[in-house]
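In this document, chain identifiers A, B, C, D and E correspond to the written order of the chains, with residue numbering beginning at 1 in each.
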Amino acid sequence: MTVVADMQCGSVAARTTPPILGVEELGVRYGALEALAGVSWQVEPGQILGIIGPNGAGKSTCYDAVTNLVVRSGRVVLDGEDVTKVPAHALASRGLRRAFQQNAFFDHLTVLENMVAVLQDDWGTSFPGCIFRPLAERRRAADARAAAAAQLARMRVEPRFHDRYPTEIPYGTQRMLSIALAHGGGAKVLMLDEPAAGLGGEDMRALVELLGALRDDGLSIVVIEHHMDLIMSVADRIVVLDQGRMLAEGTPAEIQANDAVLDAYLGRSE
Amino acid sequence: MSARVLEIADLTVRYGGNRVLAVDGLSLGAGEVVGVVGANGAGKSTLVNATLGWSRGKPVVSGRVLLDGKDVSALPTPRRVAEGLLLIPEGKLIFGTMTVEENLAEGATDPGPDRRAYSAEDVYSLFPRLKERGGHLGSQLSGGERQMLGIGRALRLAPKALLLDEPSIGLAPKLVSTVLHTVRELCRDGLSVLLVEQNVKAAIAVVDRMILLERGRIVLEGTAGEMRDNPRIAEAYLGTQQA
Amino acid sequence: MNVGQQIINGLVLGHSFALVAIGWTVLLGVARLVNFAHGQMYMLGAFVTWAAIAEFGLPYALAIPFTMLVGIAVGFLMQRVMLQLTLKQDLVSIMIVTLGFGHVLHGVAALVFGSTGQILDTPFSTRNVYWNDLWFTWQDVAIVVVTILVFVALKLVLDRTRLGRLARMVAEDPQLALLAGIDVRKVYFGVFAFQGAAVALAGAMIGPRTPILTSMGFDEVIMTFVVVVLGGIGSVWGSYIAGISLGLFTAFFGALVSPAYTTPAAFLVLIAVLVLRPGGLAAKPGGGH
Amino acid sequence: MNIGLQVAMLAVLAVAGYFLPALFGGSGAVYSAFVLIAIFAVMSYGLDLIVSDLGEVSLAHPVFFAAGAYATGIISVRLGLGPIATLVASIGVAMLLAGVVGLITLRLREFVFSLVTYAVSVVALTLAENWAFLGGSDGLTGIPLFKLDLGVASYRAVTDKDLWPVAYVMLLGVLWIVRAFRRSRLGKAAMTVHLNPRLATMSGIDPQRTRLMVFLVSAPITAAAGWLYAYQRAYISADVLSPYFLILMLTAVVIVGRGLLFAPLIGVALILAQEKFMSFGGYVDRIILGTALILTLSFLPGGLYEAVRALIARLGPAGAKQDTQIEEGATECR
Amino acid sequence: ADDPVKVGVIFPLSGGAGPQGQHISHAMAAMAEMINEDGGVLGRPIELLIRDDESTPAVGVSRASELISEEVSVIIEGWNSPVTLAMQPVISRADILDITAISKADPILSGEGNPLAIRLNSSNAQDGTVIAKYIADKGFSRVAFLTENDAYGQGAQASIEGALKSLGHNYEVVAVEQFPFDQADFRVALTNVRSANPEVTIAINANEGLGMPAIIRQAHAVQLPGELVAAVGTIAPSVISVAGPAANGLIGADIYFPGIEPFSTYPANQRFIAKTEEKFQETPDKFMALGALALQVWAMAANEVESLEKTPIAERIRGGSFSGTILGDITFADNGQLASRHYLFDVVDEKIVVRPGQ
């Protein structure tokens, strides 16, 4: 186990496989509040990194910092390329995608249309194309729907929901849809913010399966979670944040045994 | 058992053409905590929302809701709230454009002697974290802070019966038990709570009775102990989580 | 240039702008609603006062509350019609519907009051005060006094009572406000009624300064936009300050450049401000008051 | 239905539309009504993209309409150039203006956006009324007839009847463009930015760029209407910037239903039919137009289209059930 | 027995200028009755088709096309210049005679929109002289202008200044304040004018319902030094009735007054006034007279050339003279402009009093 406070920058470089996503010394301020300071971590290809920590520790803020949605300090490196200055919207095409803590959909589009909308980069037709080559566009649109349906099915959103509006489908399916939309047409790294929140029973099992399946496809995943059973069973490594700083980093077993983490986060009663 | 604070009878809810809830009868005694569990989409939220006559969608609701023996089903939502029937909904449960203090500023106007109105200070002593963030806007709070604020907001309105929809969502493990035990504490003062929870393992520790919803119907009902021993519950809801 | 007189002109104009705008400030800042019929409601206020005095023979002191009642009724009616839209917070539709209301109010007023100019004389508007080379009327004094009273009262009400907070809760999330025990409809009606009463009062107070026509209202609503946005959307003090500033700007721009281009100049200032500070001048982060 | 059949049906419809004025008697008044409907519909389609797809209410669209009309007027009167050149110029000027307006309003939303676009309109109105280059308050007179020289043949439009083919072709073209826009990547991006900007951003869409692009598509459409309007009227003055056109456009866009391809066209046709053939004088017309706007938006959230559909559904047995639920649901949120 | 001859009439019947437009149509109805009593046009009665242009060019154009498809023989129109300018090409292309009653813009007679234009109201150039002459006669040298900021206002000011120069009068413009057409609050501008201490202030404001009465009242209230002179044709009786006692002392000029010599001696005018008063309980003002005159002149010309065709009638009117009209004996210039004669007047006791001996 490594206590992060002692961790040297050198140990980052010492790793064998180059990380797919690494952040260095991330810091975010909201007015007087230092929401994030000196946070560094990395994910390796095909791994799942868990981020845990008490409420308000800065986990979601950390995502916003990585995806350039807030003003921040530090560095973000994606697949060997420094993407610190890349605007948020340009990250998706480089393979970095994320979901939000609250469900986020295009409310007035059906589930399938939602999916088609996020697949436009791969399946959309340009405006001139639509004007001058209507037949080609039609074919592509049909292909896009098929691709969207396939992608949804893969993400465990059943076909019977495809023509409903996102707010009308069961909550568990909504979470899956959120993940599907975040993942879009494909990604190198997928960042999920409490995907299991509000899930139970069946849906929880489906989520675990899905995460496993995605990882097996070579996707790297970062997961923020409060569900310890889930995170401990799927994560390869775990980062613990507390009050905007790194409290610990290690394997699930190491984390579960860490006193500081038990005090700050897990509680000792169980 | 003590007097019935909340009674629900023949409650049905439809969305479009689908009936998503059909509860024949459910009652809540004074100072009692009743848990509602069930899979996603079983109709748990629908049940508590319909009890308040409230929804973000457009459901068609029929049935009777009695509070302290008085039929409130014809009353609009704010009147039911004034009578002491409170709901902390799932998802968005606080006002993001107002500070924590402002969120807690609204108290019950005239709750009467039998209902306890919590002051803002009472809420802060329940959740010290909120006091630290008193001047911050609701939208700046973390997920867990929002849950605490939501509960605090409801307590300020002097509930007789409190309907809690998945309060543990997004809470750190340490806090889940804190929140649920706080709920349990609240019942000492005679408050009745209907607690919707996915986290059955945590919920079962604090409830007196529990019901299991499946496809909008109550399929099981019993005391906490009975339910814990029920194989159906153990397998579907406790099994994976105990692993 | 007679600087003293232009300052007086500017201050009176500024208080007029602020008084016309106050209804909108509350509507927008407190309840996140808009009303593009505001200018026509102002026109209606002036004409109802005129009719009350000229046709029904009411004294000015009674004509004002009568006008405000009519303003409340119009606000109430509009809100009644748009209730579903406000509950859904469909701002795009609300903007267009209120534009439609402005159209209808103009048509109805023209049918009822005719389209000739009228003079709304009050006991104050005909009394002039001359002092060295300075001049104003008692009506001007009344406008300044009433505006200050309205702003102070409003500030007190919003800060000291729960009304302001209730309205903001409704504005943010009407559905959640229901669960906080708030009768959302009442709050919406109340805010619209206030806006109606305030703009009717403005019509009754400011109408006497110039001849009135049923086709007016356009300029008033334009200046209201500027005041509300420059003041930092929803900020009561901000509106007051912005109103006064705009009044002085109008006077001095008119005096030094040309009255012909005051409106576009004010708008250019507004555009510049918005491009530099999208939240307006007085807005603090988070839209505090 | 297979594609061949659909294409054939569309072609038949398009041809049939061309003969509609003749079907209505073919008098001069009918042709001028149809030409105006086509022009104003095209004008409204520009705004439709902003209102329905981008979800904002632009009050600056009369400026683009005026830009087309003035560009046409000035170039044809002062330089003596023909319709092709003036159309190109109209589109160019409109795109330039749209770029500026788009950049100014890039970060503004909702009511502040509307307000600033309105400010742009007011500034433009003052400019048009006072700038001698644009003819000042007297406007631009002497715009020549619409005359196309195509080498071998030439086409000269003296009356509105002669102008109808031009107007009709322009209308069809714009319908096609709007349809294409909605199906294109850009159209979908506009919709997603409108519905959930954060999610759109993380799906790789740049909201600000999208808004700007939509403006750049929308403005030339409205400007094209101004182009033909200049020829139709042979005179242009600052009144093209007046609220009359703004209200006309807005009403047309929302009254039948938002986001439907044919809605603005039908909206314009309804409004002009009322104004021309069932007018009750300026004030009553105002009241009618305003009331129509208020009632449809307040009580028929889906516009006239939804209302008619619900009515048809009510007549059929299957639809009746669905409808009662909508009504019961509406009484819900008390 | 014969089908009536249709005459199209387009004025604003609603909006700020609505009342005036309605009065004009009343006067024209009275005139039509007079013409019909005298046997009509080519032996056929005339029938007026009256339309509202809502002071909006687009609406004016639609109304014009409507009237064209109703096959009217002539269209008499024009309160706002832009509306007239917009309608001209439409009416002209349809080959229908177009007579402009009031609109003052110079391009109306340029021939671009209508090569056979005819206009009755005085032009800016004609108006400037009378005001300039008054200033020169009085020997005023400190002159201030309150000018509407559009083609009409600037044209009017330019023509007054042009006339002053050609009279060789020595003067100084101490203040020029320009304002938009719909302005109602002139305090800022008047403060500037007052500081400049003019001997005479010329108010050029065609907004009769709002701006002009506002200027009069506010000038009175700020105790504007010197005389206040209104541009030609801007002081209708309605302006005075809105402005009230503040109008007393105002000086203006116009081309027609119903009850004053020489107009009161013309039999046609006497009959016209009686008819209008009897039918509508209204005494005609200048605008009403011009509307009626347009109809009268057209009927005279048509009867003379014995045709309803556009070209012969227009050619008869342009450059021609008519006698026995409600304005007495009149002459049109070759470009279609009616030659007019101006009379100075004062407002005394809220009434127009024409200066004697002009």
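Basically, a contact is a pair of C-beta atoms (placed from the backbone, for glycine too) under 8 Å apart; a residue touches a chain by one contact, two chains touch by 3 or more.
Protein names from UniProt, one per chain: A = ABC transporter ATP-binding protein; B = ATP-binding cassette domain-containing protein; C, D = Branched-chain amino acid ABC transporter permease.
All figures in this text were calculated on a predicted structure; none of them were measured in a lab.
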Could you tell me the least number of steps, going only between chains that touch, from chain B to chain C?
1
Using only Cα atoms to place each chain's centre, name the chain farthest from chain B.
E
Maximum centroid distance from chain C, chain identifier (CA atoms)
A
Rounded to a whole Å, what is the gap between the Cα centroids of chain A and chain D?
42
Using mean CA coordinates as chain centres, what's the chain D-chain E distance in Å?
38
Between chain A and chain C, what is the gap in Å from one C-alpha centre to the other?
48
Would you mind pulling out the distance in Å between where the CA atoms of chain A average out and where those of chain E do?
75
Could you check chain A for residues that touch two or more other chains and list them?
none
Would you give the residues of chain C that are in contact with at least 2 other chains, written as numbers and ranges?
110, 175, 178, 218, 260, 263
Where in chain D do residues touch two or more of the other chains?
126, 130, 282-283, 330, 333
Applying the document's contact rule, which stretches of chain E touch chain D when the two form their complex?
13-15, 18, 52, 54, 56-59, 61-62, 65-66, 68-69, 81-82, 85-86, 88-90, 93-94, 105-107, 110, 112-113, 149-152, 180
Chain C to chain E touching residues, read off their complex:
1-2, 5-6, 9, 12-13, 110, 114-119, 128, 130, 133, 135, 137, 209-211, 213, 215-216, 218-219, 250-251, 254-255, 258-260, 263
Note which residues of chain E are touching chain C in the complex, please.
14-16, 18-19, 149, 177-180, 182-189, 191-192, 194-195, 208-210, 213-214, 217-218, 221-223, 238, 242, 244
Sort out for me which residues of chain A touch chain B in the complex.
30, 52-57, 60, 101-102, 167-168, 170-173, 194, 197-205, 226, 228-229, 233, 265-267, 269
Where on chain B is chain C touching in the complex?
52, 54, 56, 76-78, 81-82, 86-89, 92-98, 102, 105-106, 108, 137, 153, 157
